[in-house]
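Heads up, the next two complexes both have chain A, just with different partners, chain B and then chain C.
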Partner chain A sequence: MQVFLQTIVGGVSLGAVYALVALGFSLVYRTMGLVNFAHGNVVTVGAYLASTFYLSTRLPFALAMVVAIALTGVIGLVIERVLRPLENRDFDLMLIGTIGFGIVLDALIIMIWGATGRAVPSPVPSAPIELLGLRIRTYDLVVLAIAAVATVLLVLFLSRTKRGAAMQAVAMDHEAATAVGIHVGRSNAIAFMIGAGLAALAGGLVGPLLYVSPALGGALGIKGFAAAILGGFGSIPGAIVGGLAIGILDSFMAGHFQGYGELFTFLIFTVIIMVRPTGIFGERTVNRA
Partner chain B sequence: MRKKLAVVAVVAAGAWFLPYGLDSYAIHVANVILIFAVLAIGLGLCMGVAGQVNLAQVAFFGVGAYATAILTTKAGLGFWVAAVLAIAATVAVGLVVGTPALRVQSHYLGIVTLGLALAFTNWVTNAQVSGGAEGISSIPGPALPGVDLDSEYLYYYLELIVFALALAFGLFLVRTRLGRRMRAMRDDSLAAGALGAEVPQLRMAAFLLASVYGGVGGVLYAGLIRYVAPESFGIANMFLLLGMVIIGGRQSLIGCVVGAVGLALVREGLVDHPTVAQVAYGAVVVLVVVFAPTGLAGLPARVRAALARRRQRQGAAARLGPFQPYPAAGSRSSGRPMLDVSGVTMQFRGLRALDEVSLTVSEGEIRGIVGPNGSGKTTLFNVVSGLYRPTAGHVRFRGQDMTGSRPYRLARAGMSRTFQNLRLFGDLTVEENVLVALDRSPTLASWRYLLGPISILRQDRALRRQAGDLLDRYGLTEFAQSPPRSLPYGIQRRVEIARAVAAAPSLLLLDEPAAGLNGEEVRQLSEIVRSIRDSGITVIVIEHNMGLVMSLCERITVLAGGRVIAEGEPADVAATPAVIEAYLGDSMSTDDLPSVPEVTA
Partner chain C sequence: MLRRRATAISVLTVLTAVLATGCSAPGSDSESSGDESGPIKIALVDAQSGQLSSLGAWELKGARLAIDEWNAQGGINGRQIELGVFDDQGDPTVGTNLARKIDSEGYIAMIGTAESAVTIAMAPILKQAEIPNITSGQSPGLVAVNSEFLFLNGPTSTTYDETLAKHIVDQQGIKSIAMISNNGGYGKGEHDAFLKALTSRGVTPVADQVVTTDQKDFSAVLTGIRQKNPKVIFLGAEEVESGLIVKQARDLGITATFAGAAPQGTPVFLDTAGAKNAEGTIVSSPYLSNDINDAAKKFAAAYQAKFNEEAELHGAKAYDGTQILLTALKSSNVAGGKELAEAIRATKYQGLLGDFAFDKTGVGIFVTSIGTIQNGKLVAAAS
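Entry: the complex of A and B
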C-alpha cells in the first residue's frame, strides 16, 4: 500500500506537466482542428529558455519563467502565421507543416544550446516533506500549484473574456464566426500563442524534475498528446485528468517494467485510442454526407 | 510514349554505368541513397497514394534490418533465408501498425504510428536479443555464386535491380485497379465506400505495402552495413524520410524517388554541418506544404497550367454530348419489394432526426422523397446506405436484413447513391472516377498482383472499354481525362450519376440531383433518370424541385420533422392537408419544431 501510494505521488508532478502540455495541444486543436506536432519541440525551447535565464542571468525562477513564456509565445505566433494559408483547407498538410517546424526547432536547439543536456537545480529547498509516511518533494507541490493556477486562468480567459468567447465561437464554427465579424486568423494566432506559452510553462517547470536535453520535448510531447487523447481531445478537464492519469501510469510502468516502461505506455495508449478514440470527455463527431 | 521510353532508357543506362565514375566512398553513399529511395516509395504508397498517415515507416525499416541481423547471427540462417523471413516479419508488424487505421485517421493515426515507432526503438534499445544500445555487428552478408557481394560496387547492382523492380511494381500498382481504389479512398473515403471499395481492407493493404518496402529496405541495409543499432531507426530518420516524400511530391512515386535522392545528396554535401542541413530541410518542408503542396513532382503540371492560363486556352472547349437512352429492359415493376424500411429511428443526442420511419419501395419504381429542410431526408438516405446505424428499426434490401451493414457491403449487394454536395474523387480523372465504380472485383483478389501483370492488365483494358461506353452514353467522352473539379457544376452532377450507375446497382439513391441545375439540365436529368429506371434499376430520389418530382415519380413519400406524414401518388399527396401544413405552416406556433440540441463545448 505504501509503495502504491508513493508511486502515485511520484507520478503526480510529472502528470501535472503532461497536463500542461496536453492543454496546449487541446487549445490549438479545439480552435483550429489541428494537432501541432512541433509542440514537443516548443516545450524543449521553453525549457532551455527558462533554464538559461535562471542559470546564467541569475533571474529569479519565476521571472525567468515569465520571460521564457513570452519568448516562446512568439514562436507560436510565427508557426501560425506561416501555416495560415492552409488553415481550414488541408489538415494533413498542416500536420506535415508542423512536423517541418519541429525539425527546424530541433536543429536550432542543438545549434544554440548544444547536443548535451544540463541539470537545473530546484528553486525551492530540496528536503522532502514527510506526510502520512509518504515522502513528498516540495518542488512537486510548487509544480502542482502553478499548473492549477494556469488552468484556472485559462478557463477564466475562455469563459469570461470577449476574446476567449470569440475563440470558443471559432472552435464551434469558423464560418459562422467569420460571419459575425470575428477575425479567425487572429483568434487562431492567439490560440497558438497561448499553446506555446503553456508549452514553455511545462518546459520550465519540468527542468528541475528531469534533465533538460534536446530529447526532452519528444518524450513530453508524445506523453502530453497521449494525455490529451485519453481525456478527450479538445476538452480542458480531459487534458487535466488525462495528464495526471498518464503521469501515474508512467510511474507504475517505470516501476514494473524498468526500461520497457515507455514501450508499455505507448502500447496501452494505442489500445485506448482504438477502443475509444474520443477519450473520456470527448465528443462524438459525425461524418456528414 | 516513345519519348518516355527514351527517358527511361537514358536514366537506366546512367544508373547502370554510374559506378564506373565513383570512388569507394561515393559508391557507399549511392548504396545508402538507393535504400532510402526504396523506403520513400513505400511511404509514398501509404501516405501519398492511399492517404494513410504513417510515421512508422522507419520502424518497418528497423524490423527488416534487425530481423535479418538476429536471424543470421543468432539463429545461424543464411542471408537469403533470413531476408525472406525478415520481410515476412515486417509484414506482420505492418499489419499490427495498420490496425489503428481501421478506427482512426489523420492526426490520430499519425500519433499512434509515431508512438508505435518509438515503442520499437525503446524495445530494441532494451532487449537482449537485439544487442541493446550497442546493436548487432558482424552480420554475414549475402552470397551469390560467382558474384562477390562484399564489394560495394557489385552490391550496388543488387540494390539497383531490387530498386527498379520495387519502383516498377509501385508504378504499375498506382495505375491499375488496387492503386486506383486507394487513390479514390484517399480523396473521399465515404464516397469510395458507398461505391463498394472495402475501405478497411484498402487501409490494411496500404500498410502492408509500406511494410514490404520497409522490410526490403531493412534487408538491403543489413546486407550493406553489416551492423544495426537503434539510432539508425529513430525519429530523426523518420522525419528525414517524411521530408523526402513531401519535398519530392507524395502523390507521385517518381517524385518520392527524386526527393529521396535529392535530400540524401544535400545531406551528404552538408555532412560536416548536420544541424544546418536539418534546419534547411525542415524549412523546405514547411515552404513546400505552404506553397507547393504537390512537391517537386507537381511543379511541371503547375507550370503547364500557368502557361495555359496565360495563353487563354486555344481551341474549342469540350462540350457535353447528349444522353443516349438505355435500351428498355423487358420486365419491370414485378412488384416485389426492393427496399423495406420499418420503424427506423435515428437519434443524435437530443435531436430525433428520424422517428419510426417506415416505407416500402417496389422493384422498378421511381420513388420521390420530399419534405421541408431538416425533415430527415438525407438522414434517411444515410441510414439506408449504411453511413449511420439506426437507433432502432430495420432496413431490408432485396429481402435481406441489412440494418447497419457497412456501406461497401450494401454497395456490393447492389445499392448505389449520389451525394447532396457532390463527392467526386478530386484528384482522379472523370474516367478514373467511373472506373472505380465499374471495378467490382473484391480487394482481396489483389493477391493476383503476385502472379504478374498480364491478367491485371487484361482486366483493366476490359474495364476501360466499359468506361468508354458509359461515358459515351452520358455524353461525357470529351471530359474523360479532365479532373472533375475543373468542370462546370451541371456536368459534375452528371458525372456523379454516371459513376453511381457504373456500379451496376439494382437500387439507385439520388440525393437532390437537380440542385443547382438550370431548366434545360433539369429536363435532361428527368430523361436520364427515367431511362435508368427503364433499364431495370429502381430509383429513389430526394428533391426540392416539385415540378421534377411531380412529373417523374410514381409515388411520393413526404417527411416532416422526422416522420412520414403522407405517401401516395403525386396528385393525392399534393392535396393532403398535412402536407400543405408542413410546407406552408398552419400557424406561427413553434411548439412542433424540433428542439435545437444544446451545444456543449
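Entry: the complex of A and C
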C-alpha cells in the first residue's frame, strides 16, 4: 500500500508538469488546428532562461520564472509571426515550419548555453513532509499549486474575457469569426504566446526536479504531447487529466515492468486511443486540420 | 482533415528518414591510410549534444590536450595531427552513419566514443574499414564484439565492479545490497558485472531494479528498495540519471550509502544529486584525483591552463588513449589499418590510469581504486 501511494505521489508531480506542457499543445491546436512541434524545444528554452535568471543573476525563483515566461512568450509571438503568411494556405508547410523552429531553437540553446546541462538546486529547500509513512516533497506541492493556479487563470481567460471568447470563436469557425470582425491573426498570436508561456512555466518548474540540458524538452515534449492526445487534443480539462494520467501511469509501469516501463506506458496509451480516438474529453469542434 | 494529417505524417516520416541518413555518404569505399603528406587525420566521435554531452566535452578536452602537445613538438614524422570532431548525440544510429563518414573521408583512426552502445554499433563498420578505434566505453559488451581494431582506454565494468564488490563485501563485510541499473549499454554491463561479482561471493542483492535510460521518476523503484532497508545501493547508470536517483532517494528518506563506478565520481553526478545527498558515495575508479602522482599533477595543471577547469577521469582516459594512439602512429611510421592496430596492441604505455599493456581483447588496464565522496570531493578511501 505504501509503495502504491508513494508511486502516485511521485507520478503526480511530474504529471503536473506534463499537464502544463499538454496545455500549451492543446491551446495552440484548438485555436489554429496546428500541432506545434517546436513546443518541446520551447520548454527547454524556458527551463534555461528560468535557471539562468535564478542561478546567474540570482533573482528570486518566482521572479526568475516570471521573466522567463515573458521572454519565452515573445519567442512564441515570433514563431507565430513567421508562420502567419502560411495560415490557411499550406497547413503541411506550417507543420514543417514548427519542426524547423524546433531545430533552430535546439541549435540556439547549444550555442548560448553549451551542450552540457546544469543542475538547479531546489528553491524550497525544506525537508519532505512525512504523512502516514509517505514522504511528499514540499517543492512538489509548490509545483502542483502553481499548475492548478495557471489552469484556473487560463480557463477564466478563455471563458470570461472578450479576447478569450474571441479565441474560442476562432477555434470553432474562423471564417465566421472573421466575418464578425475578429482578428484571426491576433488570436493565433495570443494562443502561441500563452502556449510558449506555459512551456516556460513547465520548463522552469521542472528544472529543480530534473537536470536542465538541451535534451530536457524532447522527453517532456513527447510525454506532454501524449498527455494532450490522451485527454482529448484541444481540450483544456483533457490536458490536465491526460498529464496526470501519463505521469501516474508512467510511474506505475516503471515500478512494475522496470526496464520495459516506457513500453507499457505507451502500449496502454495506444489501447486507450484505439478504443476512444478522441481521447477522454474529445471535442469535435476543432476541425480545421 | 484525415488526408491532410496523413500527408503531414508522411512528410514527417520522410524528413526524419532524410535527417537520419543525411550523414552517410554513398559508396563509402576508401583508402584508410592514403597519402603520405599533409596532416594526419584522426576522428573524435562523441556526444557533443544531448544528455551525455558532458562526457563528450571531457573526452574532447583530453584528446585535444594530447594532440596539441604532440603538434607543438612537431607532430609525427614532420606531419601535424588534425583532429576531426563528430557529434554522435549518444545515439547508435547516428554513430553508425558517422563510422561510414569517417571511413569515406579518409580518417586513419578514431577516438571515442564514451558510450558503449554507440561504440558497439560502430565497431563492425570500423572493423570492415580497418580503422583502429580507442574507446572510452567500459561495457564488457565491447570485448564481446571481438574486433581486433577496438581498444579500451580504461578497465571494463568487470574490473570496476570486482574491485567495488571486494571493498564492500570482503573488506567492509556489508551483505545487504540493493541494485539499480538502467537498460542501456553501460547500465546493462554494470548490472551483469556487479551481479556476477556479488554472486561469486555468495551474496544475493536484496533488490535488483532496472530503470530505463531516460526515466525521470524513481519513486516506485525507490520505495520498494526503502522497504528492504539495504545498507548499500549500487548504481549502474550514467551521471545525470544516477544523480536524480540519489536526490529522489534522499527525499524519500533513504539513508543508505550509494556505490558505483566512474560516473559516480564526476562533478555532474555531484551537482545533480546535490553534494550533501551524495556524501559518502563509494566510487570505483582508475583515476581518483589529480594529485595521485606527478604525471597526474602535470596533466591536471596543463588541463587547467588550457581549459580553465579541473581535470577529471574522462579527460584523463581520453588523454591516455590519444597518447597511446599517437605513440603507435609514430612507432608504425604512420601506418594505417591492421599495421596500426598491431602497433597499438604492442604499445606499452605508462599513463595516468596506470600501466597499459593490451591483451588480445583490446583491454589494456585491469585495476581500479576505491574512493569515497567526502565534503563534495572524491578522495581515496582508507583501506
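The rule we apply is simple: the second predicted complex is superposed on the first by the 279 of 289 C-alpha atoms of A that agree within 3 Å, B and C clash if a C-alpha of one lies under 4 Å from a C-alpha of the other, contacts with A are read in each partner's own complex, and residues count from 1 in each chain.
Heads up, the rule we're going with is that a residue touches a chain if its C-beta (ideal position, glycine included) is under 8 Å from a C-beta of that chain, and two chains touch if they have at least 3 such contacts.
Computed from a predicted model, the values in this text were never measured in an experiment.
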{"item": "Fit or clash - chain C, chain B, common chain A", "value": "clash"}
{"item": "Touching partner for A:L83 - first (chain B), second (chain C), both, neither", "value": "first"}
{"item": "Partner chain(s) touched by A:I268 [first = chain B, second = chain C, both, neither]", "value": "neither"}
{"item": "Touched partner set for A:I229, first chain B, second chain C, both or neither", "value": "first"}
{"item": "First, second, both or neither for A:G259, with chain B first and chain C second", "value": "both"}
{"item": "Which of chain B and chain C A:L108 touches, first, second, both or neither", "value": "first"}
{"item": "Touched partner set for A:A119, first chain B, second chain C, both or neither", "value": "second"}
{"item": "Touched partner set for A:D92, first chain B, second chain C, both or neither", "value": "both"}
{"item": "Those residues of chain A which chain B touches in one complex and chain C touches in the other", "value": "91-92, 95-96, 99, 110, 258-259, 262, 287, 289"}
{"item": "Complex interface listing, chain A residues touching chain C", "value": "2-3, 6-7, 9-11, 13-14, 91-92, 95-96, 99, 110, 114-119, 121, 128, 130, 135, 137, 209-211, 213-215, 219, 247, 250-252, 254-256, 258-259, 261-262, 287-289"}
{"item": "List of chain C residues in touch with chain A within their complex", "value": "1, 4-5, 7-8, 11-12, 15, 47-51, 53-54, 56-57, 182-183, 209-212, 214-221, 223-224, 227, 240, 243-244, 248, 251-253, 268, 271-272, 274"}
{"item": "Touching residues (chain side chain A, partner chain B) in the complex", "value": "30, 34-35, 37, 82-83, 85-86, 90-97, 99-108, 110-111, 168, 171-172, 218, 222, 225-226, 229, 258-260, 262-263, 266-267, 269-270, 273-274, 277, 283, 286-287, 289"}
{"item": "Chain A contact footprint on chain B (complex, rising order)", "value": "51, 53, 99-100, 102-104, 106-108, 110-112, 114-116, 118-119, 122-123, 125-126, 190, 235-236, 239, 242-243, 246, 275-276, 278-279, 281-286, 289-290, 293, 348, 378, 381-382, 387, 419-420, 423, 511, 599-601"}
